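Next, two complexes with chain A in common: one pairs it with chain B, the other with chain C.
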Partner chain A sequence: MKSEAERTSLQGVPQPGQNVPILQVRDLKKSFPVKRGLMQRTRQLVRAVDGVDLDIAAGRTLGLVGESGCGKSTVARMILRLLKSDSGTIRFEGRVIDALSEKQFKPLRRSIQMIFQDPYSSLNPRMTVAQSIAEGVRIAGIAGRRQQRERIEELLTMVGMPPAVADRYPHEFSGGQRQRVGIARALSVAPRLILCDEPISALDVSIQAQIINLLKDLQDRLGLSYLFISHDLHVVSYICDNVCVMYRGRIVEAAPADALFDDPRHPYTHKLLASAPSLLAKAEQPPPVEARRDPLPPGACTYAQQCPEMDSACLDGPTAMHQVGPDHWVRCPPAAGKNP
Partner chain B sequence: MHFHGEGPVARAVDGIDFQIHRRQTVCIVGESGCGKTVTALAVMGLLPMPPARIAGGRILFDGRSLLDLPADQWRTLRGRRIAMVFQEPMTSLNPVFTIGDQIRETILAHEALKEAQARLRTISLLNDVGIEDPERRASDYPHQLSGGQRQRAMIAMALACGPDLIIADEPTTALDVTVQAQILHLLQRLQADKQMAIQYITHDLSVVSAIADRIYVMYAGVMVEQGNPGQIFQQARHPYTRALLDALPTKEKRGQRLATIPGTVPHPAYKPSGCPFHPRCGFREPACERDFPQMCDYGDGHGARCPVIQRMGGFP
Partner chain C sequence: MTADTRNSALDAATGLPPARTPWEETWRLLRKNRLAFSGLLIFVIFFLVAVAGILLTAGSRPVLDPAQVRLQEKLLPPLSLPNHEVLPPEALPPLGRYLLGTDDLGRDVFARMLQGAWVSLTVGFVAVGIAVIIGIILGGLAGYYGDQELEVGHLLVWTTGVIAAFLLLTNRPAGAAAAAAASAVIWIVMRRERSLYEGPPSRRRWFTRGLVSVDTLIMRAVDVMLCFPSFFLILTVVALLPASLYNIMVVIGLTSWMGTTRFVRAEFLSLREQDFVAAARALGIGDMRIIFRHIMPNAMAPVLVSATLGIATAILTEAGLSFLGFGVPPPHATWGNILSDGKQFIFDAPWLTFAPGIVILIVVLAFNLFGEGLRDIMNPKLRERN
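Coming up: the complex of A and B.
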């Protein structure tokens, strides 16, 4: 039996050593109404994000992995305040930011920036590179045309582009170069946290490596923290310090990257790792588990219907995070039970 | 395969040889712009000509030269014996027809069947590709299906007339890893059941390692290396293949810088002289800028177009 304390503990939050987290998310929730029919009446609520906890230590990279629709981009949009959460708190450098008014939040907005998957659709095709970056440079409080221009060229150099490209338009660049411009624009307001939403999945292999190296260099140089959202487990295993695995709106496993990839505990993490083709061998795919159709009691583990390891504890009620190793947490009673 | 337009001729595919045997999965790997999709479209006879022009070479299917076929015979072959699965099922399925209609149309275009027989075949195809409740799903529109289901429907359409060869162009790139695993699994099962050959086009080396019997690495319209997965992944003999493998992020490389390939893939109209990879190659010699490299034979079907590495006896 699990102790009461364990059940009610702080929802299993990985505590990152002595570092003060730059971002701390607690019990974040967001539902979307599903509207159907002629009158567009709300028929049900989809819990896109259902009690998510995250910690990102300053200067580190947290990976957020999961399949499309699991809620990972919704989490990012709430952190950026592009979307209002239903409940929960988001602390940035200790301050609760989701309670701030728009005016109070404005100076902080600069500190959190985002890099998107498709740099082509996130750059204005009618603006030159310099114009795209200049907006950020102005917001960062750099006045005077000469100083702005110098800063733009400095930013371009920082992302490995020749300053001479400043007067060219996005369509003149390749995908990798556009992503570099996107990164320069994000850096223009001197952020401390960057949310990277699938930043390299649209790029070719040789270009992916260049952008990954660039992100690492910038982190070392500027002390940036990253939330790295991806479904590419190879990239995540390479770049992230800690990883959270998300399934249907909940974090199901959180661990340092080494522990997660060497010793995954949650059955869903197992499935993800087994699905990722490995370079080593012609992988034997595990047979798909026949999904059970019987309705789940409210609060039961959302993975129970597909889980090969399901037992009665999974249906008992809200499954809590259990610690199974240093900074290693898993939301799965059977997996936690196997731990000595 | 050359493209003629304004300006210089774009030599998108420039003298490639490959073959696919029955029941074999052949992967063509390369980065965007290397000519792998153009190769597939040429085999399908789907390139608009002009601007495209086949400047030379042959495509033999079951001993018959496709390029010499009259248009109507090619049309009969396409869809019936050679079928294609595209990367983005949403853009290649027609949004205003149900998937059942679209599969049925493919069947009726090629076979003299009654409407009711075609309907039955449609449902059994949807069942084959693992779509649950196929009777109901057949009357769904593409937007009502998930990405994985849409790709399954595309595969069902490709299978409609029992083809001998399926050309799959990045069919899992837009999908999640778990769905990707399901689709790869499905293709392998169907291949075993129906004795098909698969030409699989991708830029993802890890997918290749999971399914390929034989691999061709393509760069700037040229096959630079060919072999089986063991030869390509463990004993690569071309600097480009080696660079692609080194650039892959893995857990083992944590803390190290990833190797990158300087520069970018050349535009097909402005390809460098000699070896097309020489401007980006760390092993180039003066001769590489001048002479187009021959395919060096390493035995057992393994070849690489780099005499420098052959002379060195492998990578240092």
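Coming up: the complex of A and C.
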């Protein structure tokens, strides 16, 4: 499907002759204060996102995988500026967007859209499908009533819904149908990048496949780029070109999808792959490692407490990503050293 | 092909149940809830009676004159016939009978009740209207912008602004202009300061340092207002103000907005975090449109319920004030002062007490039943029980 040369250019520094990545995230950080007590003093900081780097090439899909609470959604919300980042830079089509004021960012808003996890809370229950999509159509600058209506019906057809459902309310639809409406709303402003925040994890398995195929189909037709956030590795392997594995606010392994599944390096990636339900590989599950509770020195590898391969080097901390293959990076010195 | 059959053909094609808007659904459930529906019915009747009352009793030559004194006919029981020999023809009741009897001055109680119905209706609706508007604005502010800190500078701007308004109202334009200018200067300095320096809050200059969050300010104001025994607060204010229907409506409204504020704030807090609001923000929709188009319609259900219950309370409060003699000044009749006048004759002419008493009971009960029913209907968790 894709040549090796094409794939190698997806990650890292853009090469001459290549387009600038549509989205480039560097050292993105966000921590949330934990407030306790009568005076609501800040007792500690939770580092939700702790130095994340991402690159998405135009027209490609980057998977962001990790357990719940590891900061995947926070990254997406910061890219969309629903949350303010603490530090780091976000470049969209080469332009730094996190330093822009809300006014300067407004014209760019249309270029980045999001598909949400919960199809039940992502549509306004008091608005018909047409009204929900019309909000975006209006923002996209289509003024006339008739033109708006035509565009809404076109969008609904595009996501595989009959245009006749336009005047229905969200409570009349199933989860999959609502998710399609959510996709139509995201498409209404003609975005170039769509952040998919676990778009299928709230759906039935049979519906999941339909939505995934719809997303792939839309990518081919409209040239969209996706950031695909998920905890389901099978889905990610199917839809993504590149995958980043995230653990406790950090990217621990980044690789082209095939390389990650054929040759996972980081112990956490191993664990994720092994924990994915499978009919065949039942016996190969590694024994669970008892979590060590002793406090870690600051800067130590965040995974060290559960890592079966922990050694003293891990306590000094994996400060950098090590390259272990073409575009295959891992933040684990022992794993990187094993097979140079 | 009619629209209906086309719709059902379409429903078959899409495999969906027939289209139903949220309002149609509410109406359907309301009709199933018998108590709430009878409450609504009584409310509609009350509304029509009140409108008929103002049409029949107002003007210089009303059809039913509530102020017509007939000293020969005083304290007649209900349904008694007027004495044609002693009364001049223009003083005869137009219905041929005193439907609810006459009072100690021979005035037709039925006409007075009709006149009072309009007072109760307007007091109920206007007072609750004022309360709901204040509640939505303050609750919306606290819910949507609650995180934002009010800074020392904001406070200075507002204080000088209020001083300017005060000076202007007391006819000192020079002082007012000076205060307004000071207010504007502080505001400009604050803006500059904020655009120059973005750092941790603790390192800001004193006048841009956070003092209290908007949410804290508004909700503590609510707590303070709830501390007053509101009936006595109203009594005090009404004693100081000239007695009139409008003063009473405004005073009741200004002392009963706290419940709505809390409801609206709670709804805004939960709706603000919903994905559809995040999606609206991602589309680039402005704050005002998000508040009024996306959040407000979803927050209206509890407001509507508390407003319905509030109308009952306001009617009761007005009746209480009138009963104590602080209400609408006589000779205008209200249910409260008919009741109050009647209490001296409770053994000789019980209808003077019972007519307004029972009507107040029925109307207040109807509003309460309707409000409670509405709450059950609009809360999906309680819906299953009925």
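We adopt the following convention: the second predicted complex is superposed on the first by the 314 of 340 C-alpha atoms of A that agree within 3 Å, B and C clash if a C-alpha of one lies under 4 Å from a C-alpha of the other, contacts with A are read in each partner's own complex, and residues count from 1 in each chain.
FYI, a contact is a pair of C-beta atoms (placed from the backbone, for glycine too) under 8 Å apart; a residue touches a chain by one contact, two chains touch by 3 or more.
On a predicted model such as this, the values are computed, not experimentally measured, just so you know.
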item: Superposed partners chain B and chain C on chain A - clash or fit; value: fit
item: First, second, both or neither for A:Gln147, with chain B first and chain C second; value: neither
item: Vertex chain A angle, Cα centres of chain C and chain B, expressed to the nearest 10 degrees; value: 80
item: First, second, both or neither for A:Ile139, with chain B first and chain C second; value: second
item: Which superposed partner A:Ala209 touches (first chain B, second chain C, both, neither); value: first
item: Partner chain(s) touched by A:Gly182 [first = chain B, second = chain C, both, neither]; value: second
item: Which of chain B and chain C A:Arg109 touches, first, second, both or neither; value: second
item: Partner chain(s) touched by A:Ser237 [first = chain B, second = chain C, both, neither]; value: first
item: A:Pro125 touches, of chain B and chain C: first, second, both or neither?; value: second
item: Contacts of A:Thr157 with chain B and chain C, given as first, second, both or neither; value: neither
item: Closest approach of chain C to chain B (Cα atoms, Å); value: 9
item: Where chain A meets both chain C and chain B, residue numbers; value: none
item: Of chain A, residues touching chain C in the complex; value: 77, 80, 82, 106, 109-110, 112-114, 116-118, 121-127, 132, 135-136, 139, 162, 164-165, 167-169, 172-173, 182, 185-186, 188-189
item: Touching residues (chain side chain C, partner chain A) in the complex; value: 10, 13-14, 16-17, 19-22, 274-276, 278-285, 293-294, 297-298
item: Interfacial residue positions of chain B with respect to chain A in the complex; value: 31-32, 147, 176-182, 184-185, 203-207, 209-211, 229, 233, 243-245, 247-251, 253-254, 257-261, 264-265
item: Residues of chain A touching chain B in the complex; value: 67-68, 174-176, 204-210, 212-213, 216, 231-235, 237-239, 257-258, 261, 271-272, 274-283, 285, 288
